[in-house]
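Each of the next two complexes has chain A plus one other chain: chain B in the first, chain C in the second.
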Partner chain A sequence: MSADLTERPGHGRYWWRGNSTGLKLARHTLALLALAVVMVPFADLEILTRDPWGELARMAQGLAWPAWGSLESPLQALGLTVAVALWGTLGGMLLGFPLALLFSRSRLVRAGCAFVRAIHELFWALLFLQVFGLSAATALMALAIPYAGIFAKVYAEILEQLPSAPRDALPRGVGRLSRFIYAELPLAWARLSAYTRYRFECGLRASVLLGFVGLPTLGFQLETAFREGRYHEAGALLWLFYLLIASLPWWGHRRLLPLLALGGALLLGPWPAVEGGLLWRFISQDIWPPALLEGDWRGLIDWLARIPNLGPAIGNTLLLGLLGSVGALLVALALWPLASRHFGNPATRLAGRGLLIFLRSTPELMLAFFFLLLLGPSLLPAWLALALHNGALIAFLVARHADAITTGMPGVNASGRLAYELLPRLYPGILALLYYRAEVILRETAILGMLGVATLGYYIDENFEYLLFDVAFFLLLVTAALNIAVDALSRRLRPKETAVIDDPCQR
Partner chain B sequence: MRWLAASTAALALFAQGAAADTFRFTAIPDEDQSRLVERFSKVANYLEERLDVEVEYVPVKSYGATVTAFRNNQVQLAWFGGLSGVQARRLVPGSIALAQSSEDAEFKSYLIAHRSTGLERSEELPAAIEGMSLTFGSRTSTSGRLMPEHFLRERFGEAPDTLFSRVGYSGDHSRTIALVEAGTWDLGAVNYSVWEAAVADDRVDTDKVEVIWATPPYPDYNWTLRGDVDQPFGEGFTEKVRAALLEMDDPELLASFPREAFIPADNALYAPIEDVAEELGLLR
Partner chain C sequence: MAGEPRRPLVAFEAEDLGHDDQVVLPRLTLALYPDERIALLGPSGAGKSTLLGALRLRLGDAAAWCPQQHGLVPQLAVYHNVYMGRLAEHSALANLWNLVRPLAGPWRQVAELCESLGLAGLLRRPVGQLSGGQRQRVAIARALYQQRELFLGDEPVASVDPHQALRLLGLIEARHTTTVIALHQRELALSHFDRVWGLRDGQLVIDAPAQQLTLADLDGLYPDADTLAASPQEETAPQMPDPEALPCARGRP
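== the complex of A and B ==
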């Protein structure tokens, strides 16, 4: 075998050498899988099951027989969920657009965007909660600020990928804004709006999640009912949310959106009187170590010594992020054909789409709790929850992309179509999506601290509960730095072929 | 000139509106929260009647958010747990613990265990729990974390991290019970009144999970009022609130907490809680 290798160099017959796109992507994927396999022994994956069946049966019953009657003003919660998502996304868009135009030119803008993206919506909410209390202002800012960072990056990448001919045809000395309006916007419009619509769906999920910290969206009652084991009520709320997501293409119609936005605006009040004093106290005192403010250096060293051990926390965060991403890739590859028009019959497709909605709309925390009961406390429930949730999301986007492709190879059966026709065309997009998603997965590891997995987010959450905002803020900065580093690394490592994000949302 | 007068008048009205503040209160979310708004709105109506000001109940989701709302004057009165009360009174100098309930003076926690551990109920903490897995409730819960941890440390001289194979924070008493019942964790530390209520309602299978130990008594829940309420709401307001709480005797209202009656309390009562919290690094 090795003799064979030395005799025939550079012929590209071997998968570990050739330079074609397919081989590069295959190598890349295998390297990722290998890395995950190597890391698995470091993860705590112990399975401990005793008798979860009673509780799991109650959960299943709750989902099967939702108690619609016991909900407390569900319509208002539903309305507020939509209103927060809509205005949060709009706010993110308004802030993100100008940043997108500067994105490729300014390192500062890029770093700033990476920073705001790196902090989970829930943690933004916990920060703003200290100043604006439980109000729509907290919810909107918790959504709009990280979304501005995301929009800036994605819009900038979409604009970068436009053909350059129209731009080159403009006379010299045309300003950035004019160039954007006349040469770029018309070409990019469809993709920009497709991405914005997709982000709106993400916004709906995030809006539900904000209920977990106390804003009165659907998540507020959902979390309480689920936590206290009132599964019939939780079931009703989950169904409400699944239906909301499933019917999005109808009620989220372009023409209806302005109406929804206006109606939603009425639901958002009352607005809190912003007290400058609170804001100032928070920015100038709460988030800084007291010793630093007093200039007491010895005290600062003591303060640092009391910070939780960062090494294992960063290790766990990265490990869970890596395993979650690889798991999501496998889940996505397995699930997307279920929802694509190229396979199965209408009944199986409906079931497939339903499954994807179920997996991507159920908050990760609930999936994680389900696996916690089933498998016991370890990293495993968190891993499965992240992989299934994000994998289903990628699968949904890939299936939409696949549906836009016309297949024409004669005489191939379904598996042939998958292997020879669709997958080769879809795979670069799948990897690109995974790299986008990896950033999100890393962020989401933070909120699975409930399982006792000591990620950075576990300690952030802990210090918010202890009201030690200075420690929480410091850990948030560490998390953001970590995310920025991972982002930079993945940008360097990811194959160039995947950089062209063949936008699956465009339909 | 006319518009100036008009706007001054409007401003005065507005300022008056701000002065005739609504009195807001909240309660830590630790027991049955179904129909929370409905139940506490009744308490709000009662207080409104007694205090002659507009009273509103603000639903809050976590212990931390309750304290924050109190600190930021978004609520003036709160039904706190032992630790959250201490946190709040430290952050708002001048605030006072007004009342506790007859049960709270002698509160306790239960250590519950899954049947497969083979542990039996005993007077003393059994040494066999060493090396098992344990879940607390919320991290800042007095009965679900602070005091159980204190007594565990006292008995074994070790932090829970080293004493047990795994330590978790379920976030909630009901969830602690569900998780130990399912055998996900061997042991759980739980608020005794939540446990008793769950057993009474048949929400827990006592063939699978049982109480193995009860902590010594300690003070827990309390009503805490901000020290600066007399200014916006009028002289003697603090005393009016105290009287309204202590004289609350409608069983339907008391069931919201759920308590039998409220009795007087003061800040000094919670000094032991404060000491324990400092020792465990939850306060600084």
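== the complex of A and C ==
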């Protein structure tokens, strides 16, 4: 299809040709949508429960009339949730910061960080559970290790983007440490602490989720209550969690943090009696195929042949990642105007903001669990959960960005304002954010397997349950490789020439 | 002056100066002698910063440096920004402690210096909260605090009023034997300096004692002044002191 250069700008036919940013992004989006539509028939989207609406009504009732009285020691679960999040984030920070300084210089550090990032907190928890049992050590390491990888990358990016003028102005012969504490750290401090704060909020969500594998955080009681149909109790626990997130600016104040950390340290527990021998056996033997350790290549091939066919699981993981991303895009496009100052009245805006906060602070696994009870175990609940959670997160950032824009033409009606003033300015950023999130979405699809959705995570969970650590660890490696590949792909596809919306939540 | 048998501090002989792969000042010939006060003039983009950067590289520890963007850290207090001028003279541990609690000796010296620059009472204030002129004086204070023989300044008096500019130049001169200062105020260049270097389009078109130059000569450096000053330029052209120092005729197309 060679384009005729002298061709006049078309009207009607061939409107999609052209090289402007808008048209490029429109083609990009339509291709993505078309791909999703073509792939939908391959996804298992059946509704498997008999009475989803009745179930939904009962859940809504539970949320509307929470049974505060029937909670068993909620404060202790709450305290442990906060303590795990705080110390997990702190641990990640302490490990990640030195790595950030080496990040740009060492390929090994970059690869290692990409690997630990690519595995979800819950999978790390499943892994450490085998060695440390249901203990604080498992919870802390499950958070600290992937966060170390994330902190290393994000801190390194922040330090890289610092203005070089203060460094250049220094006299010769200033040592590396002095240069860092005078000409780099003060400049980076605000962004470093803002990101760390955001990560702590993610840590709170992850800490709740650790309850799903049996650690006694808020999620443990939440899951039990949901599974046993005690929705009023589950409602009370959910409200408790939302209050915790909403009141974070007050109790998570900078000055209170040392106090919280000390108090949290006392709450952490129980501590495992670690047997060095056992730990070493797990690392050196249990997680590797026996044939590999013996150097028996024929045996290794047999071992590989005995692994269940991973094709469908990988297919489902990727499919869910694609559908989840496209769904998140649609949700974000539909929801952001609700929370923006350019549309509606104060009441609708308040409701819109409330909805977005509700959707983005509910952990995605929690949402999926909720839809799973409602719709049964197919890809549908997972898709809905991913699209809603990530879509709301993107919509929140877009709305905040839109509020900073002053429109050029006063008095245009709402649809005109959306189509001519705001969307052209915001859409490139929305798409860029989506591609940032694609990797996160894929990481989450794997984890949804723990709820019975047939992704890779399902098989990982199953093999841990059967104590087939070698297979489970192999599947973890496959998941990590898949994530790294998708991250690289989305980095390539991401529209480049765009004004990126400032995003504290790149992951 | 050119005939005196003094050794130059720095001499460029037909050297290409620039950064990365880009040559900004091709085949530059220039010498800096001790005890000279030099004004560096030229329109934006003529290569003033490149020349100062090259001088700084050659002179090394002998020169105090006051960069154009100041290179200040807005989050740190005035005291710490000035202290950074002698960061290399203390151990990392002392530097670290100094952030927590200022060292007594440096604090006294910086306070004294800041007083003479009209920054008294601002020592603990973060630089980000200061006005443009105040920041400029902090940048100068930092360069003075280095206590070097030479002073290299990239427009150190660009954003202060004329009277203050005079006072600041006086302070700089009092503490350095040799200075090279880029500036835009032509009158100041003639009244306050021994020698003028004039850059235009990457060429050194003026290298002459200030007494032998007129304002009209300096106008020739600025392309926007060409149309306005066409006739005075022709009048002053024969008075040019040293044709050797003017590789390119002024007023060329």
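The working rule: the second predicted complex is superposed on the first by the 360 of 507 C-alpha atoms of A that agree within 3 Å, B and C clash if a C-alpha of one lies under 4 Å from a C-alpha of the other, contacts with A are read in each partner's own complex, and residues count from 1 in each chain.
Please note the rule applied: contacts are C-beta pairs under 8 Å (C-beta built on N, C-alpha and C of every residue); 3 or more make two chains touch, one makes a residue touch a chain.
All values reported here derive from a predicted model rather than from experimental measurement.
*Asks:* With both complexes overlaid on chain A, does A:E228 touch chain B (first), chain C (second), both or neither?
*Replies:* A:E228: touches chain B, not chain C.
*Asks:* In the superposed arrangement, which partner chain does A:E465 touch: chain B (first), chain C (second), both, or neither?
*Replies:* Touch status of A:E465: first partner only.
*Asks:* Regarding the shared-chain residue A:G173, is it in contact with chain B (first), chain C (second), both, or neither?
*Replies:* second
*Asks:* A:L32 in the overlay: touching chain B, chain C, both, or neither? Say first, second, both or neither.
*Replies:* A:L32: touches no partner chain.
*Asks:* Touching A:L323, do we find chain B (first), chain C (second), both, or neither?
*Replies:* In the superposition, A:L323 touches no partner, neither chain B nor chain C.
*Asks:* By residue count, which of the two partners contacts chain A more extensively, chain B or chain C?
*Replies:* Between chain B and chain C, B touches the greater number of residues in chain A.
*Asks:* Per the contact definition in the header, classify A:W189: touching chain B only (first), chain C only (second), both, or neither.
*Replies:* So A:W189 only meets chain C here.
*Asks:* In the superposed arrangement, does A:F212 touch chain B (first), chain C (second), both or neither?
*Replies:* first
*Asks:* Using the touch definition from the top, say if A:A165 reaches chain B (first), chain C (second), both or neither.
*Replies:* In the superposition, A:A165 contacts chain C only.
*Asks:* Name the contact category of A:P377: first (chain B only), second (chain C only), both, or neither.
*Replies:* first
*Asks:* Looking at chain A, which of its residues have contacts with both chain B and chain C?
*Replies:* Common to the two interfaces on chain A: nothing.
*Asks:* Going by the contact rule set out above, which residues of chain C touch chain A in the complex?
*Replies:* 60-61, 65, 67, 69-76, 80, 84-88, 90, 92, 95-96, 99, 142, 146
*Asks:* Enumerate the contact residues on chain B facing chain A in the complex.
*Replies:* These residues of chain B touch chain A: 29, 32-38, 58-65, 67-69, 72, 74, 87, 91, 114, 116, 133, 135, 138-140, 166-172, 174-175, 178-179, 181-185, 203, 205, 208, 281-284.
*Asks:* Residue numbers of chain A touching chain C in their complex, please.
*Replies:* On the chain A side, the touching residues are 165-175, 177-179, 181-183, 186-187, 189-190.
*Asks:* For chain A, which residues count as touching chain B in their complex?
*Replies:* 48-52, 54-55, 70, 72, 129-131, 133-134, 212-214, 216, 220, 223-225, 227-230, 233, 275, 278, 306, 372-373, 376-377, 450-452, 462, 464-468
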